[in-house]
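Two complexes come next, and they have one chain in common, subunit A, joined by subunit B in the first and subunit C in the second.
On to the complex of A and B.
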């Protein structure tokens, strides 16, 4: 019979276990590709070489990873205080909606140098507003935030579709589902002739700030304690409700910022193709980053490489791009297994026939 | 010589690097009452869990009636007639007594209720274990619950019954009737193994005594081979132990805490009824009671975790339930019974745990002073003899129960509190750690008032200046710990007999 026994091993061993398992997940996936009569080697080569083919290709990886870092950050903020925000997708959409409405209708009331600032600010407000409902339901009536935040995703997406199919549709857009292009004053400045915008650096700064906030400040300490053990936090007489509310709103605001970053930096309008699952991918990113904000950028870039590679595979090999989601799933599974096997070993126990 | 019914050969079990059991050889004979004695952490419960199939041994073999057996899970051990009553009862509160007893034995699609009831009734009559079978378990007393646990084993035709500290939560009266049950079971040719660290019980009941120390079996004795309790205790600990605590006389000073008509209701049940109490600086007042009589609530109320009605005076200030929980004074130290989940954060290191209740001392508005914390943690670990494998950076969950308690004590006493609420401070600690905690508390009373909430009579007598008996949420009696006449009646007070 096989059982798990606890063990203590070095970090290098833990890392090698992880890579071994990731490698085997690639092998299993290769087997699936093989049965689909595709050449797995060629496909892997495409996935992992395309992003590094030239500078522009790699810049696309960074472009894709920016919203992912933010949604991962959003999930991670909530996790640190012991909450699950599954509503990141919806909050992202609301952030984009708020940002868009400001950009389309309200810029004229403000001096143009403040447009971008306000457009980003309203994306924060939109996301925070959408996260306000689940957290207030939780704090007032103990309604599970996982379910309520998840359900609000669908509301947000339908609301957005209504807006760009209806009242906000560009009258000159030949029926295209989307708003008019925003005025240039709200565009996020792009760098180095790529689609990378300054949003990336805002995001990285925010993550660094959060890291030091957790580590150095009394409030950060309280958040860690509440996240690890709410009963001990009660024992220590920390004011929990206020912090839970604040952190969930911050989580929503970060998701909203991801939406704002997408419409202001990439599309420059609100249009179809905004809600493509960054919110859900954020959950995976936060999980792989192991609650550590500093690991988020690395994890997000890795996941983005898969995404960019997959798009290339789709056009070259006529494989649906969603197949990378299968691979993502395998990797997450490998990661979870690695976590278990770095703390436990599988041992065979001799059994006696009774 | 008789053939042993159960033989353990070279049993070993490790948790990480720590060997909880090592090279244990033990024979159990049919029909005997075998006492397993040892300090906390000596490996008694681990060994019994191996016999009952809850743990798999890493090494060694188990023989039942001479044949090697392998207990992959408790069910298999049960099929071989081995059953265990755990220290914390494994009953389902919302089910009735008979449902609890029959649980896990029904393999048919429908439940043959009549058949089951008849069978249980027959067993309970034969063994004189009478409980109302239709009552819900939640409404039973601890003693009744234990009877249900025993019935459960008999219903499953257990021949070898294992008890893990069976008397720890019973009232003295319940203990007497439990002993009768054990002797009756013995007469019916059942084999009984019981774990304890109460020496009196061993002399009263056991046919043979095995002593475990640090995971190893020291020896097995007949009771007449051991001359005195003191000798038995020495065998357990490996050195002479002092049963008396030397207590320095201290003159009580000003009143620190006064409770006026404190009541507390939870889930529509009155947990505390009009508690009045006064504690002075330099004084230890013990709240003594059998668990479940409201002392848990009193601890939580005073610790500022649970709301209450009535008034509380602390250092010339009046508090209500609301203001006490909202503006809990930092000069109160609460040492909770649940040290793993309430008193510490198991996934954080000791530096983080040090500031759990002392954040205000080690931070400004914006920054935490980690350098100071590091230094302080180091000093406290060495002063209080806390064994921490990775020093300051040890996670709280990697400390043993005794060391974690010493750490929490260090944290709270070093705060220089005016009032200390110590809830079951030595529960689950070995004799050495208990002594240390006691001395620390006695020393602390020079600067503070101490409320000791305990179920351990010896602890109350050793430490307290006054003893308050709590029964069904009320303080029934308050007397000096020097009052011999009242002390002789403690057992009666605790059970509500007078």
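On to the complex of A and C.
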């Protein structure tokens, strides 16, 4: 039979395994395309070159990747301390709801130069609030945070639908679901005639801060210890609960910020089509980035190239929209395999029959 | 002097020769569509795609058509901007959430034409269009009434004016049919409504249809994009009425009739107007009179005389006689909402948030 044995190999070997497997996933997919009577080379070229056609095209990739970086960041923060936040989608929704309520009803009480700041601030609060429940359940009664945070996603989405179908519905909107458009003072400013908003730079700054926080501060060190070896942390008498709580709330706040960024930067209102799975994509992004916050933007941009490029492929080659998801699945599988094979070796063992 | 004039002449000739074939041919119109879901979704997007195919058939080489599937609100602006930058002459947004992103892009590309389905905003280069589905609902209800169905169960979608209007029209048609057919019925309760709170939700469509059937309803009115509530009805041996596309084509063989979106003729109309330079933005809301809707073939079990009566009424709609919402019409509480002989205005219809007498169920908030 076949078993996996741990092994140590050089970095170059690891990288070559990785490239070999990812390349093979593209080859398998090319075979599928070939049977569909499409030219795989042309399709790959379209996916990977259109985003670099000009600055505007690339800016759209950046725009698509911004919420993904944030949700990935959210998942990653929790992972670093050994927690799984599967509730990113729900926290994103709550962040968007908080931002929307502020933008629609409370801007009049504040000077207009502070509107955007508060709108973003409340998205952080909303996200953190929604992550508070699973973590408090975990710390008080040891209820698994994976399950509770996941289930809260559905609650959040139903709450949001209730709001834009009911109390928050645009009174001038002919009864269509969705709030009114927010006042311009809360719109995220766009840069260089593209849709890139300042949110991107806020996100990148936060990621850098987090990286140095983990690397340079004693608290950051404690977090790493708790995440990688909880028993050692216990032995060292770290105040685990406080840190677990703080990190999970921070994780929720980042998810909330993703929601705020989406409603203030893209939709400019709360309506159908907000919760489209950025929270779940964030898990993939965090995993592909291998818990490294600095890799996160690169991974997110790669995933966004696939998504944006696929749109182009659709409209040029009339391939079904689902095909990117298939390609994404292939790449993820290849990555998983590469990770396994760079740490383990597949060996054949003879089974002895009695 | 001579040299320059020869040069000028030859340049002129060259330009003329190169561009002459372009004059002889009509300019090819580039048309793009942003679609809500996949073209084989058996509902809303399939109906839009059927329209696209119709456009390609009718216009042939005069159009170059492109489309993108699964354009949700978060991606809509990018898709529109992309098509606009590529120089598409007409860009269609086929679902409500496309409205605001389209408006933003339309303002940046004033020379291109934008058309949005089912919304209410327009701009100098952006029009909107929709079909008066309530006319078809009225006919379907009329048919059901003539056949004596007096306890219909409706699996409704979102509690907003468009489906509400449809439910009301269906119920009014049903009451008319029951009266003409001489059937006995309870005027308070001929049509029971339950809500999906979604445009499509195959699992809940099935569950709600099954619940209605187990409560003894004799006909299932599908209102979702997907045919699942009709399919569930067929499985339990109860007839159904399809919506949006022909549900019978997707396996719901018990469907007596389907009401169908027919976008093709409108797409052709817009392209021809843009070609001729006569296109103007408008809020276009039309029904059978402009061929924006069709009915599927009747199920063989629908009696010939019922078919003829429905077709006679259809003919009236085609001639522009739309008397669906002519009073007297009462609401569920028995208040007179439309006085005898009066007719609801389009604004009343577009903002309708009350149910007519005969409907069982409420509008959830």
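Observations on the model:
Please note the rule applied: the second predicted complex is superposed on the first by the 325 of 354 C-alpha atoms of A that agree within 3 Å, B and C clash if a C-alpha of one lies under 4 Å from a C-alpha of the other, contacts with A are read in each partner's own complex, and residues count from 1 in each chain.
FYI, contacts are C-beta pairs under 8 Å (C-beta built on N, C-alpha and C of every residue); 3 or more make two chains touch, one makes a residue touch a chain.
None of the values given here were measured: they were computed from a predicted structure.
Of the two partner chains placed by the overlay, neither subunit B nor subunit C lies in contact with A:80.
After overlaying the two complexes on the shared chain, residue contacts for A:138 are found with neither subunit B nor subunit C. By the touch criterion defined above, A:262 reaches subunit C but does not reach subunit B. Contact with subunit C, but none with subunit B, is seen for A:195 once the two complexes are overlaid on the shared chain.
By the touch criterion defined above, A:115 lies against neither subunit B nor subunit C after alignment on the C-alpha atoms of chain A.
When the two complexes are overlaid, the chain among subunit B and subunit C that reaches more residues of subunit A is C.
After overlaying the two complexes on the shared chain, residue contacts for A:161 are found with subunit C alone; subunit B is out of touch.
Shared interface residues of subunit A, touching subunit B in one complex and subunit C in the other, do not exist.
Looking at the complex, you find that subunit B touches subunit A at residues 15-17, 56, 58, 68-70, 72, 76, 80, 303-305, 325, 328, 334, 336, 341-348, 352, 355-357, 359, 363, 365-368, 370. Subunit C makes touch with subunit A in their complex at residues 32, 38, 66-70, 72-75, 77-79, 81-83, 85, 96-97, 100, 119-120, 158-161, 164, 197, 350-353, 365. Residues 1, 3, 5-8, 216-218, 221-222, 224-225, 228-229, 231-232, 234-237, 349, 351-352, 354 of subunit A touch subunit B in their complex. Residues 56, 60, 63-64, 161, 165-167, 173-178, 181, 195, 262, 266-269, 271-274, 276, 308, 311-312, 314-316, 318, 320-322 of subunit A are the ones touching subunit C in the complex.
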